[in-house]
Structures are given as structure tokens and as C-alpha cells.
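Down below are the structures I want you to see.
In the two complexes that follow, chain A is the common piece, with chain B as its partner first and chain C second.
Take a look at the complex of A and B:
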């Protein structure tokens, strides 16, 4: 690791500690204790390192690779990609030190690899994960888990049968802002959660440049049903996971609608979706996503009788905010009396205007990392300890199932009840 | 250009008006704390608002004094 990288890593660890506090780290980010005690100048012995192979080094895979290069307890031992430009880039990014493969099965044959990171197109997650777990490797697989619900279940079953770690790339679960927010929610700061809303809005066609037409589906796999469920598996699953986590339940009824109303360019997946997820206690998550307007960006809103949380913004809004100082009341009243227009005929009702409460930040500062680096640190720690919180896989599984069944609800134009055979404990 | 002479008496008078403005703002703060049933610690925590408010009052007083001076000078003629 270069000196500047060591410096930035030290700053990163220090900032997590400063932002969250040591007691928080001990309870919610236990692997951070090990990192905080780590001497960045000390070179770890090979036996202290987790040797990782990366399968799929496209845009997400190469980002994960960059993060992993900053983690001293990880050694990138092998890379694998069957698309030549990505294969070459991966080799270059590891300075040709990692073994390089085109076929992932060859990578799995290497005995001195502890774990694999899978960042391939969605339809390849399940069989590669299952092969890796059965080959005795721990697995970090990007979200969503798989293209089909039964494949998600097969992944969980293989993970449990082999005893090897399976972590899914839901980085918000490792983001201190989200963890802190969940602590506040559990402490009852919003009251019982009664309503949730989430949305992800973009204004782009989601296409990547294709060098030749026969590579269209290989490069733009997100746009084709054979490989992906589009907005549902690539974006919504993140936010459904957050909603499930906040409520502490998993949805059992899903209805939805979607269409291609703007990007009529040959894609098969919806460019806009709108869904309602109903949870056993009667709370609902209202979800929408579109690719033709970015004004509202993305957000997860958790609401209860005592307050609201906007998790992307990292803010909490009390329903009964502390009153403004008396002098400000007085000045505002004077201002209203002097400048407000006098209504000739009063309204027969008071409009339910949005609250002007500016809220409070959940954490005083926010990390630049969205949780991706922390989730990889956590994965390395889990591999070394050979244990992972079983709640992690339940969260990841139900987020994927909800995203996939949401897609089915849209496709079939039917209300879908989550089948019993897809439920796990 | 003619020099403008600000006498010590003039300065004292302006400082007195500024002090009066601050006192008015401070008393208004006490009044608002009682009227809106807020906390007494606001006397100190909102001191910056009181200072700003006193400057506003000071300028209002300047305008009133200018008007009075204008009106009285009209009658003197």
C-alpha cells in the first residue's frame, strides 16, 4: 500500500470512529475494532490475509477491486472475466500480479483462494455462487441475489449446507448512518412505523456503449429480461432492504404496475415502476422508480406518529419539533401582521401544507464511503473469523425475493402473495 | 469638500440611542419569553438575535428622528 493510501485509510478509519463513537463501533461494527487497532505501516503476513478472486470485473467489479486494494487484510489473488476489455483492465489494475482467468471454474480450482467476489450480470450470480460455495470458497456476491426466486433460495440453502460465508452486496447495511438510524428507530423515536415510501429517479437511458451489435445483450444485460429485472433488481432491491430492515418485517403481499413509456429503444425491462408492498402488520412500502426525470433523486422515507426519517439525506424530522425561541416567534408575528395579505373570505379548511421543519442530522458528519468499503472490510473479517450474522442473509434474501416478486407482479398484472415455500427462517 | 465634524456630544447621544435600542430589544425578548412560555435561557442563547434586533430598532429610531427633525425645521421657518 502506498504512503498516501495508508494515510487516507487511516483517516477513513479515524473518521468512522469519530462520527460513530467507540461504543457504537463495538456494538454495530465489531470488525472496526480490529481495523482501529491495526497498524497501517505494518505489513500483514500472508496467513493474516484473505486471498480473494474476483469474478466479473465490469463497472461494479472494478470498483470493488479498487476498494479491496485499500484493505490490507485482503490480497487480490485472481481475477476472472470473459469479456476481453474487462479481462485486460482487471489484469492491469492488479499490476499483472493476480492470476487471470476467462472461465470462473478454473479460478475455483485454485486451492489457496479463500473467497470469491462475484460481480457478474444478475443471471450468473446463482450458479457461480453455488459452485464457489461447493468448492469451499466463501462468497461475496453483488445484489440482487439471483434472477429467479428459486435460485435465491438455492443460494441460501447451499450457504447453510456448506457452512461457508455468503454475503450479499447491500452496502447500506454497513453504512454507519443507516445503522445509527436503525438504532433510533428501534429506540422508538418515530413511534411504530406506519408508512414507508422509497423512490429512485434517474434521467438517463442506462445504456453502455456497445462496440459491436452482437455484444448488445452482454454489455446492456440490465435491459433484458433474460438477464435482469431492470429497475427492480438493480435499484429497488437496495431500498426494499432498507424498508424491511427499518420495519423488522418482510413483505407478504405485493402489487405493482410498470411500463416502458419513454425509452422505447428495444429494451425489455420497464423504464418506470410503481409498487405497493404490504407487511404482515399492515404497514406498506410505496415504491416508485423512473428513468426519465431526476428531480427527486433517491430517498427512503420512514414514517411514524412521532417522526419521519429520510435515510439518504441522513435526517430525522420530529412531528413535534422544539419550539422556536420566543423572540423569533415575536419577530415572525410582527412580520406576518405587517406584510401578510388580508383575506377577504377565509378558507373553510386549513391546508395540510408540508412541515417546514428542517430536521436534524442522524450523524453529525457523513462518510464519503456509501458503505461499500466497510462491507468489504466486514467480509474479510467474517472470512477470517469464519462467521457471519445470520440476519444478514435473511435481509439480503428477502430484499431479492421482494424485488423479483415485484417484477412478477408488474409482469402478470396480479397481486402476488409471497409463497410459503419461499419463506426462510 | 467641507469637513463633517462629529462632536463628542453627538457621539454620546448616538451611543445612548443604541443602548436604548438594545434595552428595548432585550425587554421585548423578556416579554416574548413570558408570552410564548419559552425558556429563560433564551435571554442568553438568543443574544445574537437581540443584538441584530436592536440594530433594526436603532435604524428605525434614526428614521423617526429624521422625520421629527424635518417637521420641526419646517415649523421653525
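Take a look at the complex of A and C:
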């Protein structure tokens, strides 16, 4: 990495430390302190680096590759893709320095690879992850975990049996804005959470260009049930994870409806989904996603008797904004039959500002990174320190299970109760 | 209006209070949609975008508002000026001048003589809104009320339930809770212009006030508070006196015979001196 680039990245991490406070960093983002204190002039020795192989270097995989190139503690040792254009692009992106494979099993045979990053179509996550863990590699796998609930469970079981790290690409869990928001929620700033809503709306066909018709399913795998559950696994799982995290529970009952009402182009997955998730304490998450209107964009809204959070916007709204102190003083005096001077007017003329009535920002400064680079930094740190966060996999697992069962609820037109054999501790 | 609004109705019952409050809220929302230059679909935004090119049709209320702005521009010897240069973010030193707002009463239009200007009613809107709030309170026959816009613009109707008037203290900028001056208000208004402080710490807003005489932003640590019968007079006068050169203040005050003004000047060691501004 160029020194200037590296310098700016450290500046970024320092500013995160600064805006979020050190205790917050130490507890939630422990690798950040190490990165912030990194000496910019010192080059990491090869033995200090985590050697990573990337399996699946399509659009998400190549984005992860770009992020990893910016992380000094990562060396991209190998790449693997069975689609020739992506294979060639991946080699080129590593300046032909990484070993390149078409078959991931060959990649897993390399002894000096510490970990793999998996960004293949969803239906391939489970067997590649299990093979990698059993080959002694730590695994970072994109969300959702797998196409079927039992395969998610098998992934978790293999991770626990092998003791190898399994991190899933829920980048919001590493986004300081979300971590800070969860701190506020735990501190009771919203009161007990009583209602949650989340949505993700787009207005496009979600298709990638297909060079020849036989490649349709390979390229547009998101649109076919054999490979994906569409909006549920590719978008909703992110937001269900956020809702679970905010509430501190996992849903146990799911209702849903969906259809293909606009993109009637041969796809098999819904182009709109609408669900209600019920949690053990009686709180619901109302979820919807569509691909024919983008007006409302995406948001997760967490509500309690004291306030609301809009997490994508990074804002918090109090139900009862505290009255101005002078006015409070006045009301107090009137109630106690006291006539006294009201201390006001410490303020002044200021220009109109539309932001004031629109909530408070959770972090004073928004960050450019959505958590993707931070989650990869965290993965490298976990591999180096061989540290496993057991809560991470529980969060990821239940987000995937909820997305998959949500898809089933829509397909079967039935209320689904999360079965006992799919529950993990 | 980007500002906190507080309304205290000490002797109005809940149902009537709620009715009055809703009407006031609706009026303030209406005014915001009309007067804010920060809302993309406000009437003022439309005027600012088009009045440089063509005369823009305006309603009777706009004529009243813009005529008042031009009148105040004259009565404050150009120290109260609602016009800004469109690129004032880059160039504070460029002067504008409310005389560039051309109102045609017959056609009911407004046109900018200088295409580079825009209107900012920041130093006008709160006072204008408080006068409208006063109208509503009178309509509902409210005898006693205290209304605050961001604690810097105050309307006091009648008296405190346990006193003969309302006592409004101007807080020390650096010592919260300590008053540097107390106004007795009864059926009148108070407005303060100057530096912002919160919890005893200054919050600089360097672009908040621009001296229309030299185009420079005002940065001394001081405040001007004005008591007037009309809220708009208090609002305009506190702003005008704040930016006015010393030698223009007496002349300006002569045009506002019913107003009282005091100035608080803070030294570097945070001591405060109070001056009552005189007409002669």
C-alpha cells in the first residue's frame, strides 16, 4: 500500500476512535486500537500477515478483494473462480501475484493459506465452508450462510467442532454507527423495544448482463430458487440481523406474503416480499422489500416508548425532547407558586436550519465505510489472535434462518414456527 | 424554523390549550413552508430561484413582508438587510442591499434588481411568526402566556400567575443560570442577538451575522437584547443594532421609540459589562 493511502486509512481509524470514545472501541472493535497505533513507516513482515484465498471473485468477491488490498495485515495469496472472465479479472487485480484456481478444492490444499473468503452464489456457501473448515482454514463467508436451514446448522456445527473461525459478512455488525446505536439501545434510550420496521426498496430488475443464454443461471443466480431465495437471502438477512441485534432476541414465528407482480421475466424468486416476524417477548418486526419502486430506499426503524432510531440514516428521535431548561424552570416555578426570573436568552439569532427538528445523529460524523473494510480487518485480527466471538455466529445464523424461513412462509403460505431442532445456543 | 418552540399557557385548560396549540403549530408550519430558504419547496426558495430572471407572482402576505423588510432596511440605515449574495458562502465581503428587492404592488410581483442576490428571512421570520402567534392567542382570548422561539425570541402576554408581569433574565454566556440583566415583560416581546452559548461554552456560527455595511461576519463576544411591543421590531432591532457601527445606533433607535435595548460585552476573562443603549 502507498504510504499516503495507508496514512489516510489510519487517520480514518483514529477519527473513529475519537468520535466513538475509547471504551467503546476497546469493547466492540478491539482490533482498531492496534491499527490506530500501527507505525506507518514499518512494513509488516510476511509472518505477521494473514494469508487469504478468495473463493468466488464476482461482483461482491472483487469488492472484498479491493478492500483487502488496503489492509496491511492481509496478503491475498490465492484466488479461485470457475467463471473465466472473473478468473482472469481476479488474477489481474492481484497483479498475477496470487495463485489462481478454478477448483476451490485445489486452493484448500495449499498449506500456507490461513483463511478463505467465500463470495460464491448462495447455494455453494455451505459445502465450500465445511470443506475449508475441515481443511483447517478459517472462513469468512458472505451472507446469507446457506440456501437451506439445515446447511446453516451444519456450517455452525463444523465451525464449533473444528475450532476454526467462521465469520459471516454482516458488515453492519462492524459499522461504528450501528455499534454505537446498540449501546444507546442497551442503555435504555428507547425504552423497551416494542416495534421494529425494516425495508429495502429498489427500482431495477436486479439482472446482470449475460454474454450467452446458457450462462443465465450462473450469472443471475439470485433470481432462481435453486441458488438463492432472492430478496430474502440477499437483502433482508442484513436487516433482520440488525433487528435481532437491537432487540437482543431471535424471532420464533414468521408470517409472509410475496409475489412476482412486476418483473415477469422468467425469474423464480419474488420481486416483492412482506413479512411479520414475532419475537418471544411479543415484539414484531415488519419487513418489506420490493424492486419496482425506490422512493423509500432502505431503513431499519427501531421503536420504543422513549424514542425511535433510524439506523441507516444514523438518527435517533426522542418521543419527548427535553424542554428548554429556562422553560422547565418556569413551569416548575408556576407549579410551586413561585414568581422568579426566567433565565432565557443565552442564545441568539441563528439562521434557519432544517436539521434540528429531524432527530439527533447517533455519531457526530458519518463514516464512508459501511463496515465492509472494518469486518475484514476484524477477520484478519481474529485469525491472527485466533479469537472467536461466539455471539457473532449466533447473530449470523439466526439472521440466515429467519431469511430462509421467511422465504418458506411466503412459498407455503403458512405461518412458520421456528423448529426446535434449528435452534442453537 | 429550525428552532425550538415553547408555549406556556398557565391558566388555560387542557382541551382549550390543545386547540390553541394545534392552531399555532399549523400556522408556524405554514410560515415555515413559506419563509424558509432551506426547504427546497418553500415559496421563498421559488422566489430566490426565479426572481432574478423574471417578476415572480406573490400573494398579499408576501407584499406585506417584503415591504416591511424594505421599510426596516431604511429605518435601520441598511443595518437590517434580508438580502444575501447567492455566493455568500464563498465571499462574505460582497454587499447586496434590500433596495434590490423590487415589489410591484399592482402586478403583485417581486423581482431582483441585482441577479446575484437572494432573500434570507432568518432575522425576520421568528419575530413575524411570534406576531402571528400573538394574533392567534388574542383570537382565543388567552390572557396570560409565555412563548419562546429558541429562547432568543420571547413573547409575553399578560403576567406570570404569581407575579405582576413576566421576568425574563438574559443569561450570562459563560455562567449558565446567572442573569446579566432582567426584562420585565407584560404584553411585549424580547429578542436577543449575538453569540450562541450552550452550557457555558460558546458555539461559534461565524456566518450567522453579517455586517451589511462592510460585508464582514461579526465575531466579537457580545449580545444585544431588545424589548418591543411588536415581536418583529424586537427581532429586527436586535439584529440591526448588533451589526451596526457605534455611530449609527442612536439614529436607528430614534426610529424605534417604543423599544429598549441593552448590550452585554464580554471580556477575554469572561467578565461582563452591561450598557443600556440610549437615543440621545
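Definition applied: the second predicted complex is superposed on the first by the 389 of 425 C-alpha atoms of A that agree within 3 Å, B and C clash if a C-alpha of one lies under 4 Å from a C-alpha of the other, contacts with A are read in each partner's own complex, and residues count from 1 in each chain.
What we mean here is this: a contact is a pair of C-beta atoms (placed from the backbone, for glycine too) under 8 Å apart; a residue touches a chain by one contact, two chains touch by 3 or more.
Computed from a predicted model, the values in this text were never measured in an experiment.
Chain A is touched at more residues by one of its partners, and among chain B and chain C that partner is C.
In the superposition on chain A, A:330 makes contact with both chain B and chain C.
In the superposition on chain A, A:215 makes contact with neither chain B nor chain C.
In the superposed pair of complexes, A:63 makes contact with neither chain B nor chain C. In the superposed pair of complexes, A:102 makes contact with neither chain B nor chain C. In the superposition on chain A, contact of A:415 is made with neither chain B nor chain C.
Chain A residues 323, 325-327, 330-331 lie at the interface with chain B in one structure and with chain C in the other. Remark: chain A residues 321, 323-327, 330-331, 333-334, 337-357 touch chain C in the complex. Those residues of chain C lying in contact with chain A across their complex are 1-4, 6, 8, 10, 32, 36-39, 120-123, 125-126, 146, 148, 150-152, 154, 160-163, 166-173, 176-179, 182, 190-198, 205, 207-209, 223, 225, 235, 238-239, 242.
Residues of chain A touching chain B in their complex: 323, 325-331. For chain B in complex with chain A, the residues that touch the partner chain are 28-29, 31-36, 38, 42, 45-46, 49-50, 53.
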